[in-house]
Amino acid sequence: MNDTTQIVWLIPFLPLIGFLINGLGRNNLSKTLTGLIGSGVILASFLVSVFVFFSVKGGNTQVVHYFDFINTTSIKVGFDFQIDQLSSLFLLIITGVGFLIHAYSTSYMHDESPKDFAKYFSFLNLFVFSMLLLVMGANYVIMFIGWEGVGLCSYLLIGYWFKNNDYNNAAKKAFIMNRIGDLGFLLAVFWLLAKLGTADYHQVFTNTPKLTSFDITGITLLLFVGATGKSAQIPLYTWLPDAMAGPTPVSALIHAATMVTAGIYMIARSNILFTMAPATQAVVAIVGLATAVLAATIALKQNDIKKVLAYSTVSQLGYMFLGLGVGAYTGAVFHVMTHAFFKALLFLGAGSVIHAMGGEQDMRNMGGLKKYMSITHITFLLGCLAIAGMPPFSGFFSKDEILAGAFAKNPVYWIIGFLTAFMTAFYMFRLYAMTFLGKFRGTPDQEHHLHESPAAITFPLIILAILAVIGGWIGIPEVFMHGGHRLEAFLEPIFAQSNIIAAKQDISHTTEYMLMGISVAGALIALLYAWNKFSKYQKSGQEETGLGKVLANKWYVDELYGSLIVKPIQSLATFCNNVMEKSIIDGFVNGVGKAVNYSSRQIRLLQSGQVGTYVLLMVFGILILFIIQLFL
Amino acid sequence: MFGNDITIPHLLIFFPLVAGIITFFIRKDSLVKSWSLLAAIITLFISFASIYYRDNRELSGLGFNYEWLKYMGCSFSVSLDGMGRLLTFLTAFSFPVIFIATYRNSYKNSKAFYGLMLLSQAGLMGVFLSTDALLFYFFWELALIPVYFLCSLWGGEKRIATTFKFFIYTFTGSLLMLIGIIYVYLQTGKTPNSDHSFSMQAFHSVVLIPSQQNWLFWLFFIAFAVKMPIFPFHTWQPDTYEQSPTAVTMVLSGVMVKMGLFGVVRWILPMFPAAVAKFDHLVIGLSVIGIIYASLIAIKQDDLKRLVAYSSIAHVSLMCAAIFTTKQLALEGVMIQMFSHGINIIGMWIVIDLVEKQTGTRKISQLGGVAHKAPVLTIMLVVIALANIALPLTNAFVGEFMMFAGLFKFSMWYTAIAALSIILAAVYTLNMIQKVFYGEVNTLTNVMKEISLNEKIILGVIVITIFVAGVYPQPFFNLTKDTVAAIITRFK
Amino acid sequence: MNAIILTAIWGIVMMFGGVFFKARATPKYWAIGGIVLIIIANCLELISGEPFALKAGGAFFEIDVRSMLSFNSFNLTFITVALVCTLLFFLLSGRDIEKVGPNVSEYFALIFFVLCGLCLAATFNTLLILFLGIEILSIPLYILTGSDKRNLKSNEAALKYFLMGSFSTGIMLMGIAFLYGGNSEGSFFINNINLGEGKMPVMIAIGMVFIMIALSFKVSAAPFHFWTPDVYDGAPTVFTSFMATIVKIGGFIAFIRLFENSFGKVHGQWQMLIALITAATLFIGNLTAVFQQSVKRMLAYSSIAQAGFMLLAIFALNDTAKEGLVLYSAAYSLATIGLFAILIKMHDYTIDGFNGLAKQQPVLAVTAAIFLLSLTGIPLTAGFQGKFYMLTAALRDGHQHWLVLFAVLCAAVSAYYYFKIIQAMFFKEGSQHIQTDGSIGIGDDITPAFKLLLIITAVLIIVLGLFPSLITEWVHYYNL
Amino acid sequence: MSVIEILFWFLSVLTLGGAAMVVASKSPVHSILYLIVTFFAISGHYILLNAQFLAIVNIIVYAGAIMVLFLFVVMLMNLNADSEPPQKNKWLLYIGAIAGGSLLLVIVAALKQTATTTQMVQMNSGNVGLIKNLGMILFTDYVFPFEISSVLFLSAMIGAVVISKKEA
Amino acid sequence: MPVYDYIFLSVALFCIGVVGVLIRRNAIIIFMCVELMLNAANLLLVAFSKMHYQALGITNPNAAGDAQIFVFFIMVVAAAEVSVGLAIIVMMYRNTRSVDVNFLNRLKN
């Protein structure tokens, strides 16, 4: 089916067009027009993606070559797109969720001036464009282009309100953290180039035998470093919560649908390499788990509604990495999808809340919004249930699959994973309860303004809510329904190689039932506990103490980084600038000049102006010459 | 006076030369600007032609010989190979850009200013074109002198001392190179009317035993290292960039810096392969140190010009390291990067100049919120700055990517260290953008106005070049294929 | 031959002219006419030689000198260079010679006698003529140095110059005596000295060292240079310019001719001495010049430094060296004469005296800059070609590479003090002592003609810088 | 020990002694007189070597003309022992003596081990030094230097004029 | 006599002259010492001429003559030098009333 190849370029191209139109015409486009273009292009590319998806489902996967990006005797990098199950799936998620968020933004950002509005949408489009590049690229270089692109866009979007310096700092932090990851990614690519002379997926994956185990471990580790940067894992996760500085839809886009899943995508894409490097896999799994727990604990004590969601994202991402680490690639991808749904839903919901509260983000000043904004409330509840892993909501299936995989690998993983799930349920419903239940704790005029958001906002919420509910059903585990896991079947070709190498060890149905039971029960308990604890939450002045304080301050990680990394570098730079440069090197250079001047001043004293001295020196000269000539 | 008909390379040298000399004698100052701009543009067209112009009279690309110092075996021979084309084009391209960008600046005694500018252009062209060692040295010095006067006459308040330091630095280096040239010359074989020859072919085919190569290498390398500049020899550079008038800084950093790299590729690599193989770790080590060192210092700079100066040191050091890997991948990267770096840094200077002209300061700490006043300028700057830190789809990415990849082939650890600069570069660049362009407007930046049309056009041109070269760099590779291939064969 | 006789005759003419000339300016014109005449005669002789014998019998005087003189294209070319330099010197500084004292035409006469001595020193073939030549070269200079009688500096300079000069004469004679004694041929002919096999006889060695020292004194090479700064500083500036250029290169031609013809065969045995002397000269000259405040004195030291570079020719002693020496002499003399001509016009000889010259007198400033660049050895100027030839010669010789490296480093140092003046002229603001005519530190007599001459000199320098072969090719045409 | 040798040694002692006194004696006039003694001694040497012409010329030109000139100048300035500038710093004095001595030492030491120095010098015979022969050579072979030396005298004359002429 | 004695004699004379130049400050005395040096050279030349005459007298009778001619020229030059030298010294004496070479010491460094 050639027709896909002919149209596939549209998918990234349309957002690019949107970006250009909005970007260049920002001075003379009306808001509505901008909004239409902005979200229209995404919708269009979504439709194309759907088409592509189905043609892929029909078994038509291919690499489309456009032009040579770099083509020299020593290296060939084609500007190619790879269309297969994995990418097409991600295309759907990105463009689909992306579109909803665009639509949402048209109303959410309506207070902006036309200029900034256009700027905002152009950035959004650019963001989607680079994300699409990342996903569609047929080699690591193209992927890296998108990879850096999303980093840049997140920078631009987080710092969208660039008057505020904290926002700029947050943006900068995001970009630099990403750059650290990118460094790892780049090195990995260089390594591949050095060993295999190519960065094409196909050739790399077919030539894996050429690589020594050391190479593979190194490459995968570096790739994973890249992933931690993008997908906010330990140690590079701190940028993501700060990234809440951006407008809420942006947060939704970045954290739910697109950017953060890049790491997952990349590892899933290069699953063969990872499967061949068990050491790396272990690292991935452990880091993932650690992140999941850490983020969850922090989320317990956050009061900023977006911060809670942010940490929950981090923790969910941890889950996905756990999945990747234990070789449950399908599960990870599956979770990416479901997570995209409910997390987008939650963020947009939160956005709608904030919208209603007039920019207020502190949960302590909310409460009892249930009666003011019903749609938001319902959809939000569904989202919470989904993320808490309540059957039959989407989160349940994906999370359960990962946990099952973890258990198969090593029960300890499972236990920690379970704890995290427990906490997740707890803080999500703490959030829910503090926001929607109880009575309103905000200022009177805030209360006066409370209202349900307009359709442009609620519509995406509803869609996403539906997806959040049913999204999981494409991956019903074997135990419930034979051949129920359509996703796995669909993605089978991608992970085929890995499955050959490491056949995933199945666990008996009984254990599986038991595991599900336990996790659901645990989640339920946490849920109910949080529900009735926080539904009658009262503002209390007293400070957090002990562990609570530590959690509230996010384990002081930022401070730690500050004193361990930032300060030393700064002082080193100061040293170079003040001591090394000015005193030592320049000092030496000028020293030479000074030496010349000094010696000049001394030698000139030979010229005493007295004939006697002159002749004397001459005679000495004569003597020396004679001695050299006659006796040496 | 030249036995043979004038070819493109000669036009490239002599047109700016003559134009420059004429400029000194123009009476009306108003005429000077337009005249020199016109001249620069014509030169640009000539160099356009030179890219497509092929000459089959001689095997060595375009070129011909005029027996200059007959009995010394030195001939006025110029020719264009791929690298020559690239760099002459860069030279020809940057001068009109510079002239237009600084069109609003007014200089006292402007005819001298523009005359010297054109002369320096002629000198640069000569450096990139000459295929005769002595001629090369000739132009090497000639390019220096006008710049020396430009800096000292129109520079900042500490200009005299600074530019003099710069002069002595480079002059000493080039004198050492002169010894090297003569020594190699004395090793070359007979020619019809002289017992040795300065021609490039003779130099490239001369056989030197390793021990000779080892010290000759340094005689040459120090000269080039100073020009580039490489880590311990760099201290002249930030001061000079800071003190010189921006137009000159553009020439210095955009084009002149390439002289050093060009010299290494054109002379050192072919002549002293053994020495290169011997000292590659040393040189690359120095370069890597330079990369990190300069990036670190850049973080601490408060003066925009110094910041860009240090970042430029970092970039050039990377190129130098890449060259000394003698890996094809890296060299191909260097070729395109030489061009990209020129374009980007000129762009940076233009923006800085615009900001300084309006606010009267270059101190990062004193600026802020420019983005509100001049959004277009800001967008341009952001693009250029991002190109400067080698973001994908900008011109610098391709080059740096390939250079790093090549360096990685040479040694994983050097790469790992050098690549840290990616992060550091992001740090100082973003700092700069944030402090200067974002944030609240203050009294200084309140006077900022949006940039004028011709400035928009120039910056637009640069930005477009950045993207074109970033998305489709293939033409550059095709252009410089021959040079790289020729070099690589010596290290196979 | 032409040059020798005509200079002598013209000297006498000028001498008697002193009685008849009424107008103060007349001697200058006569002198200029004379020098032109001599140049023409000399050129005729030059081109009358082999291989192209354009005009047979270009030598007017058929005198049997018993082969005490030898004329070949090398020394004839050299004489031409010296004469042309003198012509420029007359043209540029003629008016200033008139300012020195009342007996103008006598000064010119003495200068002509000096030229005569120079021609002898350039063409000698026996030690006797060498001795006479050097003396004829020196004695008039003692007088010229002291010619500003009321000026104590001038007196002091004259006295020092005279005492040390005669001292060096004594040394030279001692050397000649030993040479004669050691030479089993018992003759004074320089190419007829029996050096024996292997290491040369001790007496010859002693004589050679003595003569080397005496000549080093004449060319002011360290450590026999001490007279130079004081004498150049004390003498009237016009004559300093003459001494520092034409006379000095006369010393060099004598030096290289003697050592090439007499001791060329045992080059290796004394090369080390010259190497040491060269190094010392370069070192002292350059380093001491750095600190000088008075431009005149600074130029004196720079002349020592330049002498160091010229000594490289004697160190190398090959064809390139000979070409280089002629070229270098021309480049150095032109530049220095021009500089002095400008310097004389200044009222303040310190470097600050040059501040802001570019604004008042752009022509002077630009030409001065060219001269200075040439002295520094920047390409496109004759100075570069000279240095280039010297370095090539020294490297071609293949021994003592350290010397070349050292020379180059010293050249870098020299840039330091030459550029001080350029900086003063172009980059500094004019200093306070403004003359009534509004020009800074500039006398009234900057005539257009003067400027034109300066420009011509500068152009000459650049032309030589582009086409050194104009001179160098003459060196090897024929060798009698 | 032949007469010649005795004479030689006597004259040598006279020469060196005179020279030493020239340097040593306080009063310029005495120095001049000692110098004249030296010159006479040297002329004696010439005669010993049968170089009569030079002996005569030496006496006429040096001992006669030149020395008288010196004497005249000294008288003119009426310099005497107490008007004599004292050599203040003694070390220059010693160092000077040492330097000169070592110069002598070096040369002599170098010449010690050479064959040529054992050659004999022809004493009071051989007619090469007679006026007849020298005149012949001077006006045949050496006519050119002879003429040229006139230039020297001319310049010396001009010099004397230029320098000592009172300025108007 | 062996020529060595003559060499020794004249070198000694020469060195005495040098020492004189070194240690005396009276210009005239210094000048006289220079004359001593010249005479040392003369003596040496004559001695050598006779030595060579001894050796080559048979082959070419006037081989040694030119050395004595040379001496003659040295005397000529010396005379000229004296006239100029004394003139200079007198001039200086006129201006400074002193013949001390260190009296004038404006030119230094």
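Chains here go by letter, A, B, C, D and E, matching the order in which they are written, and residues are numbered from 1 within each.
Convention: contacts are C-beta pairs under 8 Å (C-beta built on N, C-alpha and C of every residue); 3 or more make two chains touch, one makes a residue touch a chain.
Because the structure is predicted, anything quoted here is derived from the model rather than measured.
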| item | value |
| --- | --- |
| Both-way neighbours, i.e. chains that touch chain B and touch chain A | C |
| Most distant chain from chain C, judged by the mean position of its C-alpha atoms | A |
| Furthest chain, CA centroid comparison against chain E | A |
| Central chain of the complex, centres being mean CA coordinates | B |
| Top chain pair, ranked by how many C-beta pairs fall in contact | D-E |
| Interchain centroid distance [CA atoms averaged], chain B/chain C, Å | 42 |
| Whole-Å separation of chain centres (CA-atom averages), chain A against chain D | 103 |
| Centre distance in Å when chain B and chain E are each reduced to the mean of their C-alpha atoms | 65 |
| Computed distance of Cα centres, chain D from chain B, in Å | 71 |
| Numbers and ranges of chain E residues touching at least 2 other chains | 3, 7, 17-18, 21-23, 25, 30, 42, 47, 49, 51, 55, 64, 66, 69, 73, 77, 80-81, 84, 88-89, 91, 101-102, 105-108 |
| Chain B, residues touching no fewer than two other chains | 168 |
| Residues of chain C engaged with two or more neighbouring chains | 128, 132, 135, 139, 142-143, 146, 149-150, 159-160, 163, 167, 171, 181, 184, 202, 205-206, 229-230, 416 |
| Chains that touch, pairwise | A-B, A-C, A-D, A-E, B-C, C-D, C-E, D-E |
| List of chain D residues in touch with chain E within their complex | 4-5, 8, 12, 15-16, 19-20, 22-23, 28, 31-32, 35, 38-39, 42, 45-46, 49-51, 53-54, 57-58, 61-62, 65-66, 69-70, 73-74, 76-77, 79, 84-87, 92-93, 95-97, 99-101, 103-104, 107-108, 111, 116-123, 126, 128-129, 133-134, 136-138, 141-142, 145, 149, 152-153, 155-157, 159-160, 163-164 |
| Chain D to chain C touching residues, read off their complex | 107, 110-111, 113-114, 116, 141-142, 144-145, 148-149, 151-152, 154-156, 158-159, 161-163, 165, 167-168 |
| Chain C residues touching chain B - in the complex, by the definition given at the top | 373, 378-380, 384, 388, 391-392, 395-396, 404-405, 408-409, 411-412, 415-416, 419, 423, 426-428, 468-469, 472-473 |
| Footprint of chain A on chain D - complex, ascending | 92, 95-96, 99-100, 102-103, 106-107, 110 |
| Chain E - residues contacting chain C, complex | 3, 7, 10, 14, 17, 21, 27, 30-31, 34, 37-38, 40-42, 44-45, 47-49, 51-52, 55-56, 63-64, 66-67, 69-70, 73-74, 77, 80-81, 84-85, 88-89, 91-92, 95-96, 101, 104-108 |
